[in-house]
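Here come two complexes built around chain A, the first alongside chain B, the second alongside chain C.
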Partner chain A sequence: MTQIELRGVQKFFGAVQVIKDLNLRIEDNEFIVLLGQSGCGKTTTLRAIAGLETIDEGDILIDGQAVQHLKCSDRDIAMVFQSFSLYPHMTVYENIAFPLRATRMNRADTDSAVREVAKVLRITELLDRRPSALSGGDMQRVAIGRALVRRPKAMLMDEPIGALDAKLREEMRAEIKRLHIKQGSTTIYVTHDQIEAMSLADRIVIMHEGVLQQVGSPEEVYAHPANLFVAQFVGSPVMNIASATVAEEKGKAAVTVEGAPQGFAFPQQLLGSLNGSAGRKLSLGVRPEGLVVAHEAADGFLPAEAHIIEPLGSYDIVDLKFGEQMLRARTRSGFVAKPGDRVFARIDPAQAHFFDTESGQSLGVRL
Partner chain B sequence: MATAVMTTLDPKSGAASRGMSDIAIRNLFIIPTILFLIVFNIFPLIYSLGYSFTDFRASSPAAANFVGLQNYRELLNDPFIWSNFAITAKYVIVSVVGQVVVGFGVALLLNRTIPFKGLITTLLLLPMMLSMAVVGLFWKLLYDPSFGIINHVLGLGTFEWLSNPDMALYAVAITDIWMWSPFVMLLSLAGLSAVPKHLYEAAAIDRAGTLYTFFRITLPLVAPILMIAIIFRTMEAFKTFDLAYILTSQPTTEVISIRLYKMAFQEWQTGRSCALAYIVLIMILAITNIYVKYLNKVKER
Partner chain C sequence: MAAVQTSGEKALNRVAIVAVLVITLIFLAPIYWIVSTSFKPRNLSTTIPPTIVFTPEVSPFVKLFTKRSQLREPPTAEEYAAAPWWERMVFDGGEKVVRDGKGNVQWSAYPNRFMNSLIVAITSTVLAVSMGTITAYGFSRFRVKGEADMLFFILSTRMLPPVVVAIPMFLMYRAVGLNDTHWGLIILYTAFNLSFSVWLMKGFIDEIPKEYEEAALVDGYTRMEAFFKIVIPEAATGIAATAVFCFITAWNEYAFALIMTNRRAQTAPPFIPSQVGSGLPDWTVIAAGTFLFLLPVAIFTFLLRNHLLRGMSFGAIRK
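Here is the complex of A and B:
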């Protein structure tokens, strides 16, 4: 049972502020992923929670107790490092036993705890090896084992699978998920990989330049990004963003992206939703799958010219040119035969996002 | 095989333009060195092995007679020689342990971010750069019972460091510790700074205390390089001559190399001293081998 709470946390490295007024509450058993580009403050936040980094202002609470002045050893938190940080001169067994031996646990209990964790992680047969004789994936399993063995209040993971190759990363991702479901502990996981974040998290915390951008479930963050940064950071391929103007046309709303000759048709209620933001510059955001592409002209479809086609196996990403404006659409593979083809497309209003261009904030339009 | 190890000569180099081949260059540099080694090291080594089986005296014109293993037999049965070895062993232990404790301790203190770290390190290295004879002469003054600064600072009155038979060996060892601790410190510092910082972070997260971290993380990881320092210092301490010879002439400080010197150049028992030299050589080789075995075991991981 562990809750972690950050209240108004500020951190400076010299004159650079790396964490700006961070407030976050992490519930018991929750899997939280801190997501952001490198240098956004996510690792610093994690290290501050662990106690490896001091904070300049604010409180870090574990189970309601302020811990920002405690040493990491008094916070009862385990951490898995990106570099694994296994002790090179010890066997796998000794590595996993280290946290128990360091706190003078008796021999029999240590042994049974180590063997149990090894069994869960399926590394029993590796116990006598040294870290240098392990593969990257096994090293990470050992590192996770060392963190799990003492049943800490919370697990912190700093890009734990960032150093592995793509295939192994996928495998370990599934394994971490399995472990979390099985063992269930409050976990904070740092990554720059949005796919990892989406697949693992109960809630994703997106940070940019030390500022928290959005907290939400993966679905929420994907479907309703709070601002332009989140919109473009989460999801692959990246969301299309274009400045747009909205006008009323034959009892419907028409959204014209900059450079396009005509507007996309939207339901009337868009006008109502945007009423409060009249006169402001708008940006339209739409994910490639939010563009519906057809070969035949139909009501509401705009003509477009295919520019570049990226075949990705299960689907293609097609760059469509509407006048001067380029929007990327996701189509069935082979749907658009070759560059230069003329197709027709519309935007699915439910998948369109509107942002205030200046502040970058979402206008919260849901159609 | 040799050609496989060699790098090829840069065709644009001056040597190549003078028409020299790789082989010619190799010969030019290697052969004089090998010749030098043979004339001044290998030849005397083998020649003295021959002498060690004779009753040769360099001071007398009498021809050397072959006496077989008699020199070795007599030396190894001589209780005085064994007491010299005991003195040497005591000296080696005191001096090497002292150097490791002081050197490693100072390295631990220096292994952090402090102002003027480079300058402090350099200054600490100075004793190592002095000549043994100079250090001996200076410390003789420092130890002086009537005007020596050591007695003055410690308030020991006229305590006799060098003419006190129980103290003299320790006094020599202290001087050696002063001179060579920086060497251990330098190597330890290299070893300490090679321990990755993230291991300390992992240990802190794993709730290991300061002492536990030191004995389970720091020390084992520095052990290989510390071992090299200990090998060097043990070998050096074993053959200590100048420092002990200059500082004092107490019989309690007659380490084996002083005995050897006296035997060879004061008593002129050339054959016998050759035999003793070989006994010392074999002992040093044996001790070093034990260390190297251990070192290899440590390095295996």
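Here is the complex of A and C:
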């Protein structure tokens, strides 16, 4: 049973504040992914939990006990580094046994623990090799083995598969997930890759410039981003964001994006949800799959001209021009034949997001 | 090398091989000279032209290790027959081995001076390398205020030719009773080598990713344990290279050893030439002493050759 809690954590590097008042509670057996661009403070947060960085303010609690003053060796936490950090002068066996030797475990118990972990990770035949003789994926397995063998209170992973090639990354992602389900330890995983985050996490923590932006399940952060940063950071291709105004038109709500001649039709419920924000400028966010594209004109559909078409195999991403405004839509493969074609599109109200342009915060509209 | 060579390249290659052979011969000639002289009978050591072909003998080594005196008259047949084989060689040279009242052979000062050299060079190397490694680790891993200035200061101790401070050092040593002591030379050589050791080791330790130690810290070790279990084995090549350099410097040092020591702690370098001064020099004995003096460095370097080679190209092949 391991819970980790961060309370009001602040961290400065000189004059630069890299973690700003971070509050987070991680439940037992939870797989948490810290997601953000490089320099957002996610790795520093992880290192602070591990004890490799001191914090300037706040508390880090493991199972309710403040640990920020404890040395790393006293926190009973394991960490997997992006660079693998396997000790080159030791064999795979010695690498995995290394954390157990620190606990003065006897030889027989160490041996059985190492072999058990090696079996789980399918690296038994590599035990006598040196790290330099391993492939990237095997190195990563050994690094994970070294972290698991001690049965630590929590596992920290700092971009553990970032250095691998795309195919291997996919394999290792599945392996990490399998291991987590099997071993079920509290895990904090740092990555800048949103696909990794979405596929692995129970909850994703999105950080930007040292500030926590949103915490939620992958579905939640994807479907209901808390602000413009999250909206644009999560999801590929990126969500369309456009300046828009909302007005009442013939008993319905009409959302007009800047540069477009007409407004998109929305249920009148939107006006109520906006709660007084109607009429002033907002930011409309809609993912490419939130634009419904048709060949024929229909009620609520606006005419648009296709520009660039990106065929991605199972689907296409098509740039549609509404007047001066460009919005990207996701269509069936080959649905729009060629650039310049005239099509009709509407926004699926359930997939539209409204943000305050100034603060960037979501207005919480759910239709 | 290219798979296909033009005739021009082939000729160039041959010239290069010849040049390397010539350079090798030039470098090996003095070593051959010393080694061959140390196995020559005394009368062949200074012939002109030099004697190249001769029957090697070990009499120079016997003479090197024993105290001898000139024979006033040749030994009697009984004396000669009773003497062991090595003593006869001394008789053949017109000398006799000095024995004490109980008949025990008196050793020359050479073994003692050689031991002094070993004690001083090994101890100062161990001290310089270990202190240098710890200092370099500190500079490499922690944020030290004024790091660049301190490192420059450490380096600056090498900028003065050491012999410039020989006289003041001698006076200081005499005042504190360190002259002609092992510790006196050990402290001196450690001080000479330390700056070099810090700089060299810092380069090596900088190359070791600090994630290794961080991994060890997270794995439950203290920083000291991580240093000994991870950094030291990883820096082994660097330590070996630094140790060889420090050992050679301490082993070959002449000027300070000459000034600071005269008997008890005298090392081999000032002792060997001191034999030239008394009477007609026996070059074979001096050559034998020099030859033996060359061996430890050669053996030490040979044993560490793999580390040394890797150490030289450390930055280039890591990662």
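Going forward, the second predicted complex is superposed on the first by the 363 of 367 C-alpha atoms of A that agree within 3 Å, B and C clash if a C-alpha of one lies under 4 Å from a C-alpha of the other, contacts with A are read in each partner's own complex, and residues count from 1 in each chain.
Going forward, a contact is a pair of C-beta atoms (placed from the backbone, for glycine too) under 8 Å apart; a residue touches a chain by one contact, two chains touch by 3 or more.
These figures come from a predicted structure and were not determined experimentally.
K.L.:
Look at where chain B and chain C land on chain A after superposing the complexes, then choose clash or fit.
P.N.:
clash
K.L.:
For A:Tyr87, is the partner it touches chain B (first), chain C (second), both, or none of the two (neither)?
P.N.:
A:Tyr87: touches chain B and chain C.
K.L.:
Of the partners chain B and chain C, which touch A:Ser132 in the superposed model: first, second, both, neither?
P.N.:
In the superposition, A:Ser132 contacts chain B only.
K.L.:
Examine A:Pro160 and indicate which partner it touches, taking first as chain B and second as chain C; both and neither are also allowed.
P.N.:
neither
K.L.:
Would you sort A:Leu52 into first (chain B), second (chain C), both or neither based on which partner it touches?
P.N.:
both
K.L.:
A:Ser73 in the overlay: touching chain B, chain C, both, or neither? Say first, second, both or neither.
P.N.:
In the superposition, A:Ser73 touches chain B and chain C alike.
K.L.:
Considering only touches as defined above, state whether A:Arg146 meets chain B (first), chain C (second), both or neither.
P.N.:
After superposition on chain A, A:Arg146 lies in contact with both partners, chain B and chain C.
K.L.:
Applying the touch criterion given at the start, work out whether A:Thr103 contacts chain B, chain C, both or neither, answering first, second, both or neither.
P.N.:
Touch partners of A:Thr103: chain B and chain C.
K.L.:
Would you please give the residues of chain A that touch chain B in one complex and also touch chain C in the other complex?
P.N.:
Of chain A, residues 50-52, 71-73, 76-79, 81, 83, 85, 87-89, 98-99, 102-103, 146, 150 contact chain B in one complex and chain C in the other.
K.L.:
Which residues of chain A touch chain C once you look at their complex with the stated criterion?
P.N.:
These residues of chain A touch chain C: 50-52, 71-73, 76-79, 81, 83, 85, 87-89, 98-99, 102-103, 146, 150, 156.
K.L.:
Would you mind writing out the residues of chain A in touch with chain B in their complex?
P.N.:
Touch list, chain A to chain B: 50-52, 71-73, 76-79, 81, 83, 85, 87-89, 98-99, 102-103, 130, 132, 146, 150.
K.L.:
What part of chain B is in contact with chain A in the complex they form?
P.N.:
Touching chain A: residues 196, 198-199, 201-209, 212, 216-217, 220-221, 301 of chain B.
K.L.:
Touching chain A in the complex: which residues of chain C?
P.N.:
Result: residues 209, 211-212, 214-222, 225, 230, 233-234, 236 of chain C touch chain A.
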